[in-house]
Amino acid sequence: MSYARQMLGTCPVSFNVDAGLLAATIDALNDCAQACIADTGCDLSEENVAEMVRCVRLCLDCADVCVATAGVISRQAEYDPDVVTPLLQACAAICKSCGDACERHARMHEHCRICAGACRSCERACRDLLGASDRRPKHPRPTARQ
Amino acid sequence: MSYARQMLGTCPVSFNVDAGLLAATIDALNDCAQACIADTGCDLSEENVAEMVRCVRLCLDCADVCVATAGVISRQAEYDPDVVTPLLQACAAICKSCGDACERHARMHEHCRICAGACRSCERACRDLLGASDRRPKHPRPTARQ
Amino acid sequence: MSYARQMLGTCPVSFNVDAGLLAATIDALNDCAQACIADTGCDLSEENVAEMVRCVRLCLDCADVCVATAGVISRQAEYDPDVVTPLLQACAAICKSCGDACERHARMHEHCRICAGACRSCERACRDLLGASDRRPKHPRPTARQ
Amino acid sequence: MSYARQMLGTCPVSFNVDAGLLAATIDALNDCAQACIADTGCDLSEENVAEMVRCVRLCLDCADVCVATAGVISRQAEYDPDVVTPLLQACAAICKSCGDACERHARMHEHCRICAGACRSCERACRDLLGASDRRPKHPRPTARQ
């Protein structure tokens, strides 16, 4: 069981979102950040680096946005849709672009194929959490102690 | 002149957004991240720490989102509105919440007053960049070399 | 298999360190960062937050150092001992302090017990990689293409 | 006056290190991180990107270590030399390598010249803080309230 899952089960806060879904999203965000950071290093080691530039850039952006999103949803006590909704949208969008860019190199570079997979899973996880959040009650009772 | 400003002036990419505005936004994001990280440490040292908890949480989220946003807009070659627009919206929203929380402690704690100021400036900078981006041509010519 | 492990196996660079050991260290660093970020949120939700302050601080430092260390060793092409050795030492030291602080609350707060475990594993992984690096040849042949 | 400087002056903690020196180091770390993040983007836009690869890699590592170091010393309440000393050493070492790599491109690319300057200043600031820390009393009285 991932640390995200273990921690959520023992935290004195309830998030008004299914804990399993939240943990799966955090795991997907962390996996995607790790894949993008590693893929950057691999891309920069390829002979055809000039063709990898766009992929490198998008991996860097994707890692940054995944890390921030994982931080915010890991730590949340109050779920502020004005922050979390656009953040998840931005994250899904960069995962989509980065996944597309990686997929273009997937046949030639196995590391890009794997990174594309991590981006696709993370995009899906962000959209699933967005979908679940849309179904949250509009005025949830406060969940943390302040 | 800030490093953000100096670097933008010497980069082989043009961003289709006024470089001065972009540099001012990056500076505001970095200032806000620094203020929030430092304010977290100060809040945790206060006698009335139990009253500072919400402020700490929001500072942590605000720093994370500012860092990611600064990374994405510092590095950008292609301006992808599907990523940048919601990211700036999320950033403006967390700066608003965090600024409000800090302002509540502004009379009692000078560090919260200063942090509130950094959050307000950053919120404004994000909204200014969002406004400028709305006025960009819908189909900009490619700006980077790939 | 973790993404760190999958990516290392497909990268055109060889690191002069056992790939399994490297991947295990990256996984431990990412797990520890996630546990510390989540534990911060949980600590801040506890009734006795004033007693958790030192734990929160150390978790924040630990997460920062783990993230940087994971980035450097995930991306490495040249292994620069002047950077990697002190970075792993700093990381092992903060994992030790943070693990000790979390352990003090382990009976009262299950989330601190779990976080302590992640810190212990990460400390051990950093020390294992330090040990393996000590046994590397002093003048390795260059491993990346530049 | 930078936010690092303003915040340090209003924080209820005293760090046993000169506040001016600490603030100057935090500013140098943030400047260097920003320069490296921006330089990565500029390097990736250059025609001769294959020659910039090592510079890109080192900028990525340098930014990561600067961000972590700035976080730890911005937030510190207790000064733990087992963490801060090797972290500053790692940071000085990566600033040295990254500064050297950027300097090699300084004549051809103005952005590398500027980034090299930020790396040199940051290396110096880390070494100054290391020097000052060596002169700290061995058993300082506790400075934060716990």
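So that you can tell them apart, the chains are marked A, B, C and D in the order they are listed, and the count of residues begins at 1 in each.
Just so it is clear, contacts are C-beta pairs under 8 Å (C-beta built on N, C-alpha and C of every residue); 3 or more make two chains touch, one makes a residue touch a chain.
Predicted model, so just to flag it, every value in this text is computed and none were measured.
Novice: Would you mind checking which chain's C-alpha centre is most distant from the centre of chain D?
Specialist: Ranked by distance of C-alpha centres from chain D, the top chain is A.
Novice: Pick out whichever of the two, A-C or A-D, is joined by more C-beta pairs in contact.
Specialist: A-C
Novice: Where the centres are mean C-alpha positions, what is the separation of chain A from chain C, in Å?
Specialist: Centre separation, chain A to chain C: 20 Å.
Novice: With chain centres defined as C-alpha means, what is the inter-centre distance between chain A and chain D in Å?
Specialist: One centre to the other, that is 28 Å.
Novice: Counting only residues that touch at least two other chains, what does the list for chain D look like?
Specialist: In chain D, residues 40-41, 44-45, 50, 53, 57, 60, 67, 71, 75-77 touch at least two other chains, as defined above.
Novice: List the residues on chain D that touch chain A in their complex, please.
Specialist: By the definition above, chain D touches chain A via 40-41, 44-45, 49-50, 53, 56-57, 60.
Novice: Considering only the defined contacts, which chain B positions touch chain D in the complex?
Specialist: 2-4, 6-8, 10-13, 26, 30-31, 34-35, 37-42, 44-47, 67, 70-71, 74-77, 109-111, 114-115, 118, 144-145
Novice: In their shared complex, at which residues does chain A touch chain B?
Specialist: Within the complex, chain A contacts chain B at residues 53-54, 57, 60-61, 64-65, 67-68, 71-72, 75-78, 80, 82-87, 89-90, 93-94, 96-97, 146.
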